[in-house]
Structure formats: C-alpha cells, structure tokens
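Next, two complexes with chain A in common: one pairs it with chain B, the other with chain C.
After this line comes the complex of A and B, so read on.
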C-alpha cells in the first residue's frame, strides 16, 4: 500500500525539470528518454539483458540438472548451499568481489575486463545464476524420471533422451527463468555501477545519476518509469504463461 | 564424467569471487598481489575502527531490528487475513503486498525519496525503516502464509469450544503452530534488510546510511583491501546463517525441489 503511494508519486513526478522541485505537466522528460545520448543507454541495457539471459541459462542448466537429479542428499545439500550463499551475500559484496577478480592485480587477463561491457556481463551472469538455477531445478525435479527411463529402455541414447524428453519437459522452467532474469537484469543497478565504472551504463545507473548527482528528479523519474514498466510487463507475461501451463497439463508450477 | 566436470567448473565460477575476497582480505600490502606476499590482519583492524563503518553498522542494527519488529506482526496479520478471510479483491491485495518483490529498486528508491522530501522526512531513520518494512513484508507474508495454509482450523475451534477466549486461542494455539513460518520469516527479514542496498542508497544520508551503502561509498573512493575484510566478515556471517537454515528448515523443501525416490 505504501509502495503504491511511492509509485503514484513517481508517475506524478514526471513533471518539468524545474531547477528545484516541480513545474507544470509535460512529456519532455519522456521525450528526453528518446534523445540520442540516452537512447544509447537503453539500447545497451536491452543488449546486456538479452546476453545475460542467454549466458545465464546455458551456465545454470547443468547445475540445476545436477541439483535436481543427484541421488546423494549430501551432494544436493552442497550444491544448494553453494548456489544460495551468493544469493544471500548481498549485491555490494558480490560486486566488489568481481572488481577484484576482473581487475588486473589478481589475474592478468589478456584483455581489459573491468569497466568494460564484458566485465559487466560476467558480473550480471554471476548475479543471475542462483535465481535461474532454483527455477530450473524446480522445473526439472517436477519431471517424473519414469519418462526418461521409458525413452532409454526403448533404445534412446542419453543425449537423445535429454534432447527429446528432458529438455522439452523443462521448457516451462526455461521460459519463466529467462523472463525473470531478463526483467531483473533490465533494472540491475550495483553491478553495472561498480563494474561499469561510469563507462558502461544501464538504465538504473542513469536513474541514479539524474536523481542523486544532478538532482533532476523528474527526468530521473521518466527513466525509472521506463524500467518499471518493462520489468512489470515481462513479469506479467511470465505469470500469465505459468498460469496457462498449470491449467493445460495439471502440473503445479510453484 | 565430462558432465560432472562441467558442473564442478560452474560451481567454481560461482564461488571464485568469494575465494578471491577472502585471500585479498589478509593481503599485507595496499596494492593487491597474487599470490599474497604474506599474511596480515591490518585491514580487519582498519575496517573495525573506521568511524563511518562503525556508524553504519550501528545504523544497520537499528534499521534491521526495527523493520523486523514491525514487519513480523504486520506480515502475520496480513497472511492470516489473506488466507482465512473471504476478502473482497483478495487478488488485488495479494498483488499490492507482494509488489515490492518485482518493483525495480531504483524505481522504489526514487519514489520513496520524492515522498520523503514532500513530507520533510529526509535525513531521518524513519524513512529508511519504513522502506525496509515495505521491502521485507513480501518475504514475511509468503513464509507465514505457508504455515497458515498448513494449520488445521479444527485445532483452534477445539480450543475455543473448551472455553478459551479468542486472544487465548491465538496465543496458545495459533502462534505456536505458526512458529516454523515465523522463524523462516524472521530469517528472511534479517537477510533481506541487512543486505538491502539500492533503495537505502536513495533514502539515506551520510548520517543514517547502513552498512551496504557505506561499503559502496568506500569502494567508489578507495581501493585498499579494507572492503575485502568487511566483505569476508559479511560472507562468513552469511555462510553460518545459510548453513544453519539448511539444517533447520531443509531449504530444498522451501524452494520446492522435489526428490523422486
């Protein structure tokens, strides 16, 4: 309820950037979002979010599969704790850690990574993996292994079983995990702020620059509304699809 | 075999930053070097005596304790209402109460900053605490809702039929049966609040800022390994909490990873 109040304030605050607080109604802030110098940041945000989603999916599937299918309770516990620990360590600690790894003092990287888009991408993938792993593992664990055994007993090789049975059946998890990661990455703040070092900026960094450095709250509000709308739209699509999936085959998504 | 190696490599990728931070924190020189040229605890000493970190740590304790103390009763009441009472617009209320989970931090932070400025509450702990209560509530409500759904109303009715007044039923029957959910809720509340950064950055000042914000400011301005020492302390505490939670709550059940036997 209070959050709603804040959101309401936000949309109201798309007013003229008077030097101090407010002015009359205008769409200038939203037109500024589309100005060439800002449009670049929006494009960068879309590209980085898309790449993060794809790479996170590829990196998370094997771990999720192991987590869901390992017969050993101890291995499952270990994977779970390793997966969750970064989840709970907080954004600043995790991002600072990547500043150390990507900087040249620890490992001599052949190419510059820190303060480059590549470094931001690595940080974002690492940031998104726990979420993706948990969503995928839940989806994979809902698949009854009987299907895989049936395919194998009919002569399918393991790779064929995976491609024709496991992968298609885990598709709901893949889709919802990807959408959630995309939505979260789209409004990511600490990772691009610290790993981008002001050279790589995503939409949330523009919000912060305008609000806390230039005190242009209305202009900042316009960008925040864009981030908010995209995030909510993508997540709304996700829950819509999950609902239909559940209705279609009686699987419980949650 | 290859598959196993891939999984181990990916898990190593996930753990690599943690390891690097811990190694960096005992590095004796100001410039980071690998392998470290020795062992030193000077950065821990600096971290623990740095005034801004101390002030921020006190703020963190105040904000986390206050927001947990407020969010737990509010969240429990909301969970009971959402599960038990045939509310009109139940879907709407659920969406409103859980919305902080999906609203981007910068949007919520900016909204609260504007709101606080309008109310003349900037540079005040109250704004920060209110923000944390909002952010923590979804986790509290979800944890408690699971326990409420598993609670058999017959037990409460039995107590009432034996003459217990409503408050006594609540205190002697309902609350004890909700204990697992309340415990999980408290755990989530603390973890979320202690680590919250983006919204706090918007609504705090140098005087009210909490630890993650102070750490952010430090990283932006200094490069010495003091941050590594603080981070190691943070990671250590987190590992203990997550490990204990796995033992006590069986996290694989919380995250609905089924096991077929």
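After this line comes the complex of A and C, so read on.
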C-alpha cells in the first residue's frame, strides 16, 4: 500500500526535464500517457497476453492430460521432471537461451523471429507453460475416470468423451490457469526486453523506459497507474466471462 | 626495544587495512576491474586507505544515490557527463575543491565539465561494423542510410541522443535544432535490425551478427577487436563521432571528502591516465598523458586541444539532459515503433 501510495503521489507531480526534482501538482502526466503512442503499448500488451494465454493453454493441455492420466508412474515422473526443469533455470538464462535459438546464428529461420512479436510470443509461452501444465494436471487428476468410462461404455468415441466429459470437467483448471498466465504475462519484463530487442515493448518495459532512460519518473508513475487500472479492468472482465462459462457447465472456477 | 619495533611495524599495515574504506561507484565488468587495478591499487598503496566498489548501471546507481542522499553510501562516483548534471541538479555532488586536485590544471578544457565533476577519459559514439557481414566499406555516417545495410544496423534506444544529433548535423541542425534531422532519421528505419539498452547487448548483437553495423561506443568496439573479432571502427568522413566523457565526482555528504579528492586527483595524474588509455583504448583527459603510437588518431583518442575540437562533436550537457525525455519519446514513437 505504501508503494502504491508513492506511485500515485509521483504520478501527479510535474516532471522537470533535466532535473530529478519534481514540481507541483498536475494532470499533465496522465494527459501525456493517454496519448495514442502510449495507449498502443497497452493494447500490444493486451494482445500479447491474450495470445500467450491461448497458445499456452493449447500447448499445455496435452502435456497436462498425459501427466494426469498416463498409467506408468515412471513416464509421469519423467513428464513432471521435464515440466519442472525450466523452474530451475532463471528467467534471464532461459530468455538468453531463446535469443540464441531464435536468432540466425544457429538456425537459419525462413522468417525473422528474434526482435519480432512472434519471437516474444514464443518466449512468453515457454515461460508460462510449466505453471499452466501443473494447474491443468491438478484439475484433470481431480476428474473421476468413472465419468469417462461411463461415456465410453455408452458408445461415445474417445474424441466425444474428451469434448463432452473431460474438457468441461477440467474447465475450472482452464479458467484458473488462464487467469494466472494472463495476469503475469501482463507484467512480463525480461522476455519482451531481451527477445523484443527494443522493438516489441510491453507495459513494464515502457515504465522502465520512462523512469530510467528518460528520467521522467512522474510520467512513469502515471503510466504505471493507467496500466494498473487497465490490468484490473481486463482481469475483472476476463474473470467474469470465464467464470460465467464455467458456471454454465455446472462448475465454479477454482 | 626490538620486539616493540617489530610490533609497531606489524601494527601499521593492519591499522591501514582496518581503516574505513573509500567507496567508489562505477560501472561493472571491465570498467570496475580497470579502475580497481589502475587507480584504486596505487591509491591504497599511497594512502593506506582501502577502496571498495559499488557497481551497477548508470541509472541504477543514480537511483541508489537519490534514496541514500541523507547518508551517502558512496564517496566517489564515476558517471557520464550529462547524467552528472542530474546528480548536480539534485544536490548529490559536492563542489570540488580544485586546490586539492592539482592535476585538474593539466586537463583539456573539454574535461572541465563543471565545478562538480571532471572528465576522466573520453570516447566517441561512432560506427563500428563487421566487414565479413557487409558489402563494401562504411566510411561515413550517411552510409548508414544506404539500402545495402537493410536490416543490419543496431543502435542504442536507451539514449538516442547520438543518432538524433548526427542526423540533425547532417541536415544543418544540432542538438538544439534537432528537429532538422527528423525526416532523415525516419528514413533509416528499414536498415535497423535491433536496438540495445546496454553495452553488453551491443557487443552480443555484434558477435552473433544480428546487428553487424552499429552506432557503438569506441571503447566497446576496441574491446571486441581485442578479443580477436573482425570489427572495424571508423572516424566518419562527413561528420565527427559524438564524444562521450566519463566523469568523477565527490558525493555530497561524504565523510571522506579529502580522500575522495585525492582519489580523483590520482585518476587524473599523467601516469594513471596513460595506463587508463592503454587499458580502455580511450582518450586521456590529461593533455600531458602520452598516448601509445598505435592508439594515436584512433576514434575517441584525442591528444591535443586541436584534436579535442576537430575530431569529435561534444554535445551541450545541459541541452542533452533537458531534452533527453523529448528525444526518447519522439524516437520511440517514430523510429522504434513498427
């Protein structure tokens, strides 16, 4: 709360170019950061966060299903170890590794990935997958296999069993995982900073730019406040939409 | 009596080691290693005062200095000349007592940045490139706009003042009338491969070939050459490189101000400057310092008042500090944005 208070206070003080001192009260910082140039960064962040959430979900679900339902304990352990492995390397190390992979020095990619939104997206999805897998696997493992066996015994094909039984029953995990991934991607910093090469910026990168590169700490505070409000709004809307979806299937989000 | 003399002899070095250290704030990596080896060691040998370092980026250290203003944790700070202006504006530097820095009399006029901070070495932001990755030679700033360099150019985005000023100079402006270069700068966009925020990233981009042509710090280019990389660093034929001067200052409220002055005086001495030049491949600020033949005439290495004047462009610190936010905002909107 103290930090938030300091942030709000800073955001309404006048920026004095060429000085670290601040002037009197003003709303100029908010008018400046509500310009299209800055709103575009917020929009880019929303789009990248949404795409990251969707792609992470799609990539993680099969792994989570295998983790929860593979009969062999040895295979489950292997999947678990592989899932947790990225946690044991820091975000910076992982991102630097992606820089080598996405650049043209080791692999000649037909399209440019490094310093492009696509490259940032790949890094964000990889960063988010372990968490999504663990949340989904927990949700899937809580589904009693009796339901799936009952559907199959009544003649449903495996794909129909999955679509009509497993998937709806795992919706609480999908909602929780999606909200977690969306929220933390919204505040991502090292991945867009390094894989974006200055060309792909998300909210946290712009806050840093304003504060540490332009010395415009009041502007940085105002942008952080605007971003915070937008984040809370987007999360509230997403949470409500996903919660309604889960409730319609007779479940509440975890 | 003999044993008493022995005890005293042993006690003196111990007392020296136990003395309060002088804390020096400087960039990490090669910067800290060099200042430690070339300045701190002889300083400790002469005064008996040990030196400790606080390392970090230019702005991290500024932020730390701000929050510890009431009880400074640092005695001497090395920073860039225009960021030094921000320290001064916030009352973080102490006015220097030049009588305690007699070597300041031998400094190039350009190194006397203010009453609060003095230039310790110089370099230029110029063009460095990998000849194996580029068709033809690069000899001037305007080459950066040529179609043959499409998708090959890297430049700093944390501080775009160098390329903004160069673009303005090419179109008859300068850092004050920087708008004159805006249209030209917009035309360079197709050639830009990446932007970088740190020296380390700049060097990575050069090594991997992601940005084999860069607006680069001459010291970093020489560092890569020293590592055996095929990198050319040039003195552009059309407009000079943008001079950077790193400075040293005494922190306001330092309890070791006298030692801090002595440290700076030592860093500016002819002998230490000669070692700094050799190690950094930078320009000395003490005009009496001898420069190795191999370095004479290299970008950023100035040895006379005439060279300081003709071979580099020095931006006005105050204009730079005051306009940086506007430059950055314009640069992000018009050059960085896709």
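Brief remarks follow.
By definition in this document, the second predicted complex is superposed on the first by the 205 of 254 C-alpha atoms of A that agree within 3 Å, B and C clash if a C-alpha of one lies under 4 Å from a C-alpha of the other, contacts with A are read in each partner's own complex, and residues count from 1 in each chain.
We adopt the following convention: a residue touches a chain if its C-beta (ideal position, glycine included) is under 8 Å from a C-beta of that chain, and two chains touch if they have at least 3 such contacts.
This structure is a prediction, so every number in the text was calculated from the model and none was measured.
In the superposition on chain A, A:154 makes contact with neither chain B nor chain C. Touched residues of chain A, counted separately for chain B and chain C, are more numerous for B.
In the superposed model, A:105 makes contact with both chain B and chain C. Of the two partner chains, chain B is the only one that A:228 touches; chain C does not reach it. In the superposition on chain A, contact is made by A:209 with chain C only, not with chain B. Once the two complexes are overlaid on the shared chain, A:199 sits against chain C while remaining clear of chain B. Look at A:115: by the touch rule set out above, it reaches chain C but stays clear of chain B.
Shared-chain residue A:189: touches chain B; no touch with chain C. Using the contact criterion defined above for the overlaid structures, shared-chain residue A:40 touches chain C, although it does not reach chain B. On chain A, the surface patch touched by chain B in one complex and by chain C in the other comprises residues 21, 99-100, 103, 105, 194, 212. Against chain A, the residues of chain B that register as touching in their complex are 3-4, 6-7, 10-11, 13-18, 20-21, 24, 31-34, 96-97, 99-100, 102-108, 110-115, 117-118, 130, 134, 191, 194-195, 197-198, 201-202, 212, 215-216, 219-220, 227-228, 231, 234-235, 238-239, 241-243, 246, 251-252, 255-260. Interface residues of chain A, counted against chain C in their complex, comprise 15, 17-21, 37, 40, 99-100, 103-105, 112, 114-115, 193-194, 197-199, 201, 209, 212-216, 219.
Every residue of chain A that touches chain B in the complex is listed here, in rising order: 1-7, 9-10, 13, 21, 59-60, 62-63, 66-68, 76-77, 79-86, 88-94, 96-101, 103, 105-107, 126, 129-130, 134, 137-138, 141-142, 144-145, 183, 186-187, 189-190, 194, 204, 207-208, 211-212, 217, 220-221, 224-225, 227-228, 231-232, 235, 254.
Remark: chain C residues 59-60, 62-63, 66, 85-86, 89-90, 151, 157-159, 193-197, 201, 204, 208-210, 318, 321-326, 328-329, 332-333, 336-338 touch chain A in the complex.
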